[in-house]
Every structure is written in C-alpha cells, then in structure tokens.
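You will see two complexes here that share chain A, one where it goes with chain B and one where it goes with chain C.
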Partner chain A sequence: MTNTPYPLDKADLLQAYRTMRTIREFEERLHIDFAKGDIPGFVHLYAGEEACATGIMMHLNDNDRIASTHRGHGHCIAKGVDVHEMMAEIYGRSTGACRGKGGSMHIADLSKGMMGANGILGAGAPLICGAALAAKFRGDGGVGITFVGDGASNQGTFLESMNLAAVWNLPVIFVVENNGYAESTAMEWAVSCDSYIDRATGFGLPGVTVDGTDFFAVYEAAGEIVKRAREGGGPALLECNMVRFYGHFEGDAQTYRAKGEVENLRANRDCIKLLAQRLTETGTVAPAELEAIDREVNALIEDAVRCAKAAPPPVAADLLKDVYVAY
Partner chain B sequence: MAPAIGIIANPVSARDIRRVVANAANLQIADRANIVLRVLAALRACGITDVLMMPEHGGIGRHVARGLSRAAAHGEAPYPAIHPLPMPVTGTVADTHRAADEMRRAGVAAIVVLGGDGTHRAVVAHCGAVPVAGISTGTNNAFPEHREPTITGLATGLAVTGQVPADIAFAANKRIDVLLNGRVEEIALVDVALVTERYVGARALWKPESFRELFVTFADPEVIGMSAIAGLLEPVTREESGGLMVRLGTPASGMTVLRAPIAPGLMASVGVADWRRMPAGVPFVPEVKAGSIALDGEREIAFSAQDRVSLTLRDDAFRTVNVGGCMQYAAQNRLLTGAPAPVTAEP
Partner chain C sequence: MSRKISMKTAINEALDLEMRRDPTVILMGEDIVGGTGAPGEDDAWGGVLGVTKGLFAKHGDRLLDTPLSESAYIGAAIGAAACGMRPVAELMFMDFMGVCFDQIFNQAAKFRYMFGGKAETPVVIRGMVGAGFRAAAQHSQMLTPLFTHIPGLKVVCPSNAYDAKGLLIQSIRDNDPVIFCEHKNLYGHETEVPAESYAIPFGEANVLRDGDHVTIVSYGLTVHRAMEAADALARDKVEAEVIDLRTLSPIDWDTIIDSVERTGRLVVVDEAHPRCNLATDISAFVAQNAFGALKAGIQMVTPPHTPVPFSPSLEDLYIPSAEAVAAAVRRTLAPSPRSTLAA
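Here is the complex of A and B:
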C-alpha cells in the first residue's frame, strides 16, 4: 500500500516529476544553446519521451546496467548521472562525465550502471547481454536494459542479441522507444514483420506494448517485466509508443512531419503535463509543490550551463587517457 | 447483387502486460492476416463479392494483399474484391470507431471483427444496427466466441445473403451503458469493474485486491476474466434479460473466497461480499467513490468523488451473427450441398 491513490508514495511521485522535468529542461536548454553555436558535435534530444526513461529507471538501482542510444540524455538523467557532469560533457569540458572527450553520444557513468550512450545504432544490445551475463553469474539479481529506437530495431545486432538473451536466459529487457520515425522514415516504410512484439515472440520472448506518454503505464509494465527478469524469468521486450518534440537531430528541418503535428503533440500528448494533471486533479500534490520543483530544476540547469561554460576543455596531452580500460 | 461485408482487424490487440503476468498468447500479425484470408474465402464461397476493410499500418492489410495477388497470379478467384476505406490511419481506437461508422453508412450487411473484447466494444459503439461477427484475437475474449474463423466467415456469408432466415441468423445482445456525470461515456459488452486504482496505467486487471464491484451482461463459467467471477457464482446466459452484480473486496471474515481465472493462466483468490441480479433498464450507482472503471477487463476511466457514475444494462442493444445457429440451419437444410451429379445409365 502507498500513501497515495497511485502505486508510488508521494515522495516517489514527486521524484518522478522532478526527473522528468530535469530531462525536459536539460533538453530545452540544449535546443537553445546548440542553435547559438555554443555546443560542439551533434545532439539528439529526448524531449517528449521523458515518461519512458523515468518509468523504467525507477525500478532499477546502481547495480543494474543500461545501454543507451544516440538519444541518451534522458536515460542518463533518469539513471542518476550527475547533470553538471553531463552538461560539461556535452559542452566538451574537462569536468564532463567522460572528461569532455565523448560528447552527447558517449556519456557514460559506470558507477551509476550507465554503460554509455552510443553513436552506433543497435550497438547497446550486445553490450547489455554481456552485462546481464555477468549479473547472472554473480547471482546478484542485477538486470540489464537496452534501448533502441524503431529504426535501430532493424539492426542485426538487436535481433542477434534477442536470440542470445533467449538462449542464455539472460535478465535483459529490450526497450523499443517507438517515436514513429527512424530519423525521418515512418515505421511502416521500414519495419517488416510490422510488430516488435512479433519479433520478440519469434525469439521466444514475451512482448508488451504500452502508451509511452503515460508515466503510470510505463511504470506498471516495467515493474512487472523487471521483476520477472530479477526472478530468473528471462528476457522480455517492452515497446513504448511515444512522441518526440524535436527533430531527429538538432538542425533537422523535419519536412517529413505534418503541419501542426508537434504543436498537437505538445498540447495533447505531453507526458509531463499529463502526469502533473493527474497528480493535482486527485489532490495528491498541490500545484505549488510542482512549481517549486520547476524552479529548482531551472536553477539546476542554469547552474550546470554556467559551470560547463566556465570549465576548461581537455588538453591535448590527455587525448589518449581514459581510452582503454586496464584490467 | 450480394451485399458488401466490412472487416475490421485490429493489429494491436493482445499486446498488454498479461503476456508477462499471466503467459497470455500473442497472435502474430501474419496469423491475423491469414484469418482474414480464411474469412474472405468463406465469404466468397457464399457469393460475397465485395468487402470493405479498415486500413491500418500494423501490416495486416499488406499480408492480405500478398495473399490476394498470389491467388490472382494463379488465375484463381477465391476471394471477394477488397476495398480499403479511404480514411487516415491514426493507429488508435479512433480508427476502429471511424471504420465502423463508415461501414454502417456504406450499408454493409455485417462487420467481421478481429480483436479482443476491447476491439469489439469499439465497433459496437459505432456500428448501430449492423450485425457483428466476432473473431477472437485478443487476450481475454469473453465476448467473441472461440471458433475457427472460416466457420464465422461462412455463417456470416450465409446470414447476409438470406440463405439463413434472419430470426435464426442474428442474435440480440446486451450491453452496459456507463454514464459519467449524466453523459454516456462508454459502453461495455461483457463487464464493468470498479477498482480502487486511480490511474489507467497498463490497463489490464491482475491485482484482485483492488477489485470492488463488478457488473456483467452475462456470467459464463466457461470464460476467463472478470466475467468468470460472476459466472462461477451464478451463471447468466447471453440470451436472458439482465445480468449480475457482485460486490468484491480483499478476502476477509464473512466473505466468500472464490478462486477464479481472471486472466489466461492466472488463478486468483477473490473476496466476494455478495451478489444479485442486475435487471435491465435500471440505473445502478456504484458504491466505490473514487478509482477507475474497467470495461471488458481493461481500465479505461479514472474517476474521483466529484464524479457521478451510473451503470445501466440494456437488453437487445446490438446484433451479432449467430454462427452456431447459421451452421446448424445450413446442415439441416443442405445449404452447402450441390445438386447431385446426374447418374449415367449403364451401357
């Protein structure tokens, strides 16, 4: 039993809201700063998809591993990676999570179980199988979660990893973040078999589809799937149908979108608005409590940007440091 | 000229959490398309030449088109012509609503539905007097009967072409209207459950400790899901007037503890306070003041103490194809038996 009408206590609900708001504010700020030319490299924003990362990651601990994608900021924040270190990394500063040498698509923090964003589509899947195999040998109940988009789900690595996870009965959860577009290609043009669930079924994995804009839908389904994996039930696939508010990458002209599509999504399928509405309608939290979190988050992001800009870039002498792991 | 038939095949039914919490089945897209082809073959055998189909992006239509083009390449004509409805695809239940509307307006003689209880509910909400022929491709499926789809197609063809008299071919069905603040918000074909969860979440019902009240149009001990709870207490047939209402709770002293199959492969102990008949046409106000309303096994509407909820069961609310009746009539009247070949006299 919880102290709310929801499956989480009030403190956890406020934490979920804080996480989602932090992701959103982080991404909105990058959208602005990238356009100004302040940020090197590429960024792919997670705005609109916050309920997915948050609803899943609330079931994990630092011992659980995740392998992320090129659109990894939300996964990092929800997994507990320090926002200041993330911002510094994206700004290419030596105080960054990877000493400023990785950038947006290579943020990692093993202390938090975050094995890395990944610039190669579908490359997280085999990595997480390795982490899950280690957890299985250790017998510590750890699970591994890998994320792919609807495009990367066509990669051989992803399909081979589902096979491997099934053969070795690994505690892996394959999360398909289906935002409807593989870069600019709609799913029905690019995904044969037509259903990710059918693909999972082909490898003997159960598959579940949820509304990825509904925090409680993701939280509830992910809870059951993670529990199953921890108990030795093996791998599974979770498809979250969600929306992205920005282009595939910053600078994407998005000519493939219908006119007014994003405005409609922001008005009707904004997962943060929907969560806030539910929590306040039932009197579980007061609007003022959420507004206070908004102010704290804004200040946090502002400070992260200020610190990142003030930090020095990595020096040439450090170029080959942190590249290889010593055993 | 033979009447047209509509087909609504939902590509996204049977995808919810019950695959993890209860080992429920997943019917793959290719199999759903094969079901459509089986239905089409049966319809054609009854003389149906035209079928309107709901467009979708889930792949069923594409697989069906492959089957049709293969048949055409062989010079065969085992299928009616398919006419996809000219409508945008949203990938939501709105597609089913719109397709049922359009099919009704186009004057189809029946709509064949592939889906679970939820898909059938969506069709019934918009098809008016057009009879529905249900094929189970969902999870719980208390409403559509489990049967080989070829037979459903055959019965539908025989029914709409008048080969089976209408009083046998079609059956009346009950439904429950769910009113929220005085307005019909939704309908249920089988059951309405009031549960304590205040969120829709993953939709399915699998935590019996949250069950509080249950209203069913029929109570069949042979089905699974919420209707099974009522069915194991006091069976009520689809044909008789009215349904059953059951008060539920966490098993406590004075309560009957019922073990019921609330999902495929999921037996649960449910506390039953009492139960009684639910007459048709009488509005019932649930005792639960806040929670969510589950329709045919899925949480759909969250409500609070400020909302006024009432439930009314309606007899004779919509029609279905009486598959069993059609096939019995077909056998008794030799509808599928051709004229015997002439006997040649021995030389």
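Here is the complex of A and C:
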C-alpha cells in the first residue's frame, strides 16, 4: 500500500472501510425496511458497489462536483452527504436532505458538491460538463464526475457529453459503473462494443477499466485521471466492473439472473470483505479495529432510521414552496 | 438616450450590457460566434441570423461555440447555472427543444423544488419561435404552451425591441430558469429603445391600447395583428383594449381580469397550436373567475391544428391574421350567443 503514487495511511484506509461499511449498512437496512412497507416509492440499492464510489470520492473535495444516478445512495455517502438527512429524505420527512420533496432518486447536497441523484438515466453527463465548465471559468481546479450504469452508457446524452467535454477540454471524468445489468437486460447484449475503452477512444478520451470490487484498483485509477483532469489534461473515462447484490429496484424478483449468481458474488466478490481481508492479512489493521467501526456504523444507521421515523413529514404549505426562487 | 433599433439589435445590446455588468454571464450555442476552428474569419456568423454578432470581439472566450449537440450543451448550461454561472444558451430554433427537453423540464425546472429549495438555476435559454419565415414544420413552431405548462420554468415572449431588451436583461438577472422566445419575424421590427440598461419585471402585461368594448389578449408577433385589427375596428367605432402579455409564466392575470370585467368581451390570439395553448388557458381562467362579467362567448384566434406548412400560400393561411382577429371581435359583439356559435 506504499508502492503507489497515491499513498494511503492507516487513517485513510480505516476511513475507506468506514465509508464502504456505512453504504452497505444503509442499503441493507433499506432492503429490510422496504420489505416491511416502511418506505414509500422506488429504492435502488448500491450494495456490492461500494468500492467504486469510495475509491473515487476519496480524491475529491467539496469543490468537486458529482452527478449521480438513480442508484445514488453510495455516491451521496461517499461524497459526504449527511446520513441522517439522507435517511430522513428516503422516508419523506421534512428533515430530509431535500426536505422530503426529492426522495431516494433525487438526494442532493450542493454544499457538498453532490448535484443530485437523478431519475433520468444519463442526464447527469451534460450537467457535469456545465459544472466542470464553471470550475474552469473560476479557475479553482475543481473537477466533475458523472456516473452512469452500463445501461445509461447507451444514452445519447452520455455520448454527446464525452464529445463536448473533449471539444471544450473540460475536467470531467465519465465513470461507467458496469454491474452487468441495465435493469434486467444484460450489458453483453445491450452494449454494442466489446469495451468501454473503445467508446472513450472514439471520442478522443483516454479510458481505463478496473475491477470495481477492488478498492485499491479503483482508488489508484481514479487518482491518476482526477489528477490529470485537475491539471488541465481534459476528460477521461473510467469503467468499473462491479456487482449488484440486489435487484434493479427493491421488489425485483431478479428471475433474469442465474441461480446462485448473487450468492456466489457475495461469497467471492464482496468488495468490503476483500478490503477487510487485505487490511487484516497484511497486518495493517487489527480485526478488532474493523469490528469497532462496524459497531459504530450499525449504531449510526440505527439512529438515522430512528430519527427519520420520528421526524415530522412536510406540512401542507410545503406543497407550494420552492417551485421558483421568486414568481 | 433613446433611438430606434431592431429587436435583433436590442437583444444583442441586452447580452452585451449584462456581460459587462456580471462576469458570470456566459453565452453558448451553435455558431453563436461562428467559424470556430474553421480557416476563415473569426466571429463569422454571430448566430445563424446574426443576433450575437460582434459580442465575441467584446467578450472573447465568454462566448462558446458548441458542437451540434443540444442535449449536451443545454444541459451544460443548466449544470453551470447550478454551479454559480449565469449562462445564456441559444437554442437556435425552439423547435430543437425536442432533442434536449429532458434537460430543461426534468432537470432545470425541477432542481429547486426537488432539492428542497436548496438549488438555484439562473439559466436563460433563448431561441427563435414562430411562423412566417417559410421555414416549414420543424423551424416555425410557437411552442410556448409546452414551456408554460412546466412548473419551475419562466416563459417570456416579447413583441418588440423595447420589451425584448428589458425582458432579456431581467431574464439574465432572474434566479430561475427562463425560456426566452424570440419571434424570428420580429427581429427586424424597430422601436424606440433607450441605450442604457433597464429591466422589465416579469408578470406585468402591457396595455398597448385602451378600449371599453372588447379585450384582446395576445403575445409575440400576433400582438401586431391584434393592433391592426383594433385600428380597423376603431373605424367602426369599436374600441378594443389590446393586452400584450410579454411573459406567459408568470402571467398577469390581474390585468386580464380587470380588463374583461370592464369590457365584458374577450378575444385571445395565440400563434401556438390550438389545443391546450395560452388561448385555452386564458379562456378557462376568465370563464372561471369572471364569468359574470362576460356579455358574450369568449373567442380564440389560433392557427388550425396542423403542423406549419411550407408553401407561402398555405403558411399565410396558417398564421392568425388581423382580419381573423377583427372577425372574432365582431362575433363577440353579435346580438345573441347563438349567432356566435354560427359564425
């Protein structure tokens, strides 16, 4: 862990583990509470994909912007959005990140550079070009990261934005979170090229593919392209091959997946287990330190759920509020 | 100092003044500079009809030519607006909205509400609307009702150079997303315009002509048809009040209702397709809120429910004429409701 241009000290590694565990616990808890009927609307879980958000976001600060997807909880947590506000938002409470008016698919916190989860696939790509353009005009070194799944990688907005970012030389990183499924449709079937690198190359962008379940692989690749973008080197594409532990949305019976597929992924490609294993086997961290984090994370999520359930819903007057700044 | 200039020049002037005033104002669009990367002259076009001509020389890199990718650059304008800039994006013809509408109605229009009041998106999307240019079905539409329908958007459509300048300056200073609709057949229309900067507030209609017999409400190019009709009617001692809405969202309901309560008669002239347009919207509002004041059925003057045709002989039939407006007024003056149906 020292033979890298982006060294991580023990505190960084424990923080990475904490972030990934927080996302996992958040999502596992939502899975349970959604099944109980506690949560209104649509929920898309990020469980299994934590290494990607965490490995990338550790290179960013509040000045850097991200545009997320419908599967956005992991991006929010890794970007520093308050977990209590997120949970309250998902419960539709007035204390939520969006005061209960956005829900799971629209959590945003612009003060943290989180420009919103997005219910429209691929819509974040043009927006992040604008965020990067603003950073370029300000000259503050800020970068923009847009996430798409393998599904939204087929959207025109994504492809157009790669071209625009290249033409305007914008500090944008296009992250393809390839979990193999666009809802229920296989990536192998729906994506016409063999590799996302080919698509990046077609737009004149460098592209990198990494094992998205390997925190270190994501962290190092992201470090390189974020640095490049910050220094004016322009846009790049990062493909993270990753796994989805749950369905497209909660309630998805996932009959399109192979028998035993998810069990196998959980046993062999769980990014958190892999990180914990590497940290403990190398003697970097004692198992008890990780267990202590686990307990703290469990308590945090428990408290977030308790607070969300106790929080008041928006009041009737909120229905008409905040359509415009002034009208 | 005031002088007579065209609406095109007035728009150019508004952009220039706001760019001088506020460094966060940037312009982007297809060929708004023109010739970028090409071997010939810089600033070759200044927009397809020359509206932004000369601004590149004054403001340089704050004008960005874009690839032909409306979704990408309109979205980028919106994203930049959410990050502290005040972009004015030119969507050459508003008809092209079809390829980037998601960024406008699902993104820009919803950020503030959906994010619990924590976002501001001060973007202006300006572009050409309207028929009469022999530009056929995909370059001639008056799509104002589509934008007016969406909460979170503001919609502006000036009828003259003076209003265009003041309303565009207001649009750029406004903290909400604004769709600024420029009627291409008004670009050459000249009025007295002060050289200095001024802003016209949204939601304030302009009463262009006072009258006690009938209220004619319109916006954009058809305001001029309404005025021509009013002049013709005056020769028959019919005094029409003509209201130019100027902004469609917000809309000045008070001025409309006050006028109808006085005249008892309403004709709404809208260049948009006839179903679910401003004419139906205003008619419904007046019927609901001032029914008791009405002395006759409300009349709507619109194009037919067809795409805009190409052939000049057909396009001239398509656009609401002054004669059609005057005929509609006369129907409201007919002695019985039955005769208004027959007309």
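The definition used in the following text is that the second predicted complex is superposed on the first by the 315 of 327 C-alpha atoms of A that agree within 3 Å, B and C clash if a C-alpha of one lies under 4 Å from a C-alpha of the other, contacts with A are read in each partner's own complex, and residues count from 1 in each chain.
By our rule, a contact is a pair of C-beta atoms (placed from the backbone, for glycine too) under 8 Å apart; a residue touches a chain by one contact, two chains touch by 3 or more.
All figures in this text were calculated on a predicted structure; none of them were measured in a lab.
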Contacts of A:Glu281 with chain B and chain C, given as first, second, both or neither: first
Contacts of A:Glu160 with chain B and chain C, given as first, second, both or neither: second
Partner chain in contact with A:Phe216 - chain B first, chain C second, else both or neither: first
Chain touching more of chain A, residue-wise (chain B, chain C): C
Partner chain in contact with A:Ala125 - chain B first, chain C second, else both or neither: second
Touching partner for A:Ser195 - first (chain B), second (chain C), both, neither: first
Touching partner for A:His106 - first (chain B), second (chain C), both, neither: second
Which superposed partner A:Asp322 touches (first chain B, second chain C, both, neither): second
Chain B - residues contacting chain A, complex: 11-12, 15-17, 19-21, 23, 26, 28-30, 57-60, 62, 91, 196-203, 290-291, 302, 304
Residues of chain A defined as touching chain C within the complex: 65, 67, 96-102, 106, 108-111, 115-116, 118-120, 123, 125-131, 133-135, 137-138, 144, 156-157, 160-161, 163-164, 167-168, 321-327
Sites on chain C touched by chain A in the complex: 24, 26, 64, 66-67, 69, 71-85, 87, 102-103, 106-107, 111-120, 151-152, 154, 174-176, 203, 250
Residue ranges of chain A in contact with chain B within the complex: 5-7, 187-188, 193-195, 197-198, 201, 206-210, 214, 216-217, 219-221, 224-225, 228, 236, 239, 241, 278, 281-282
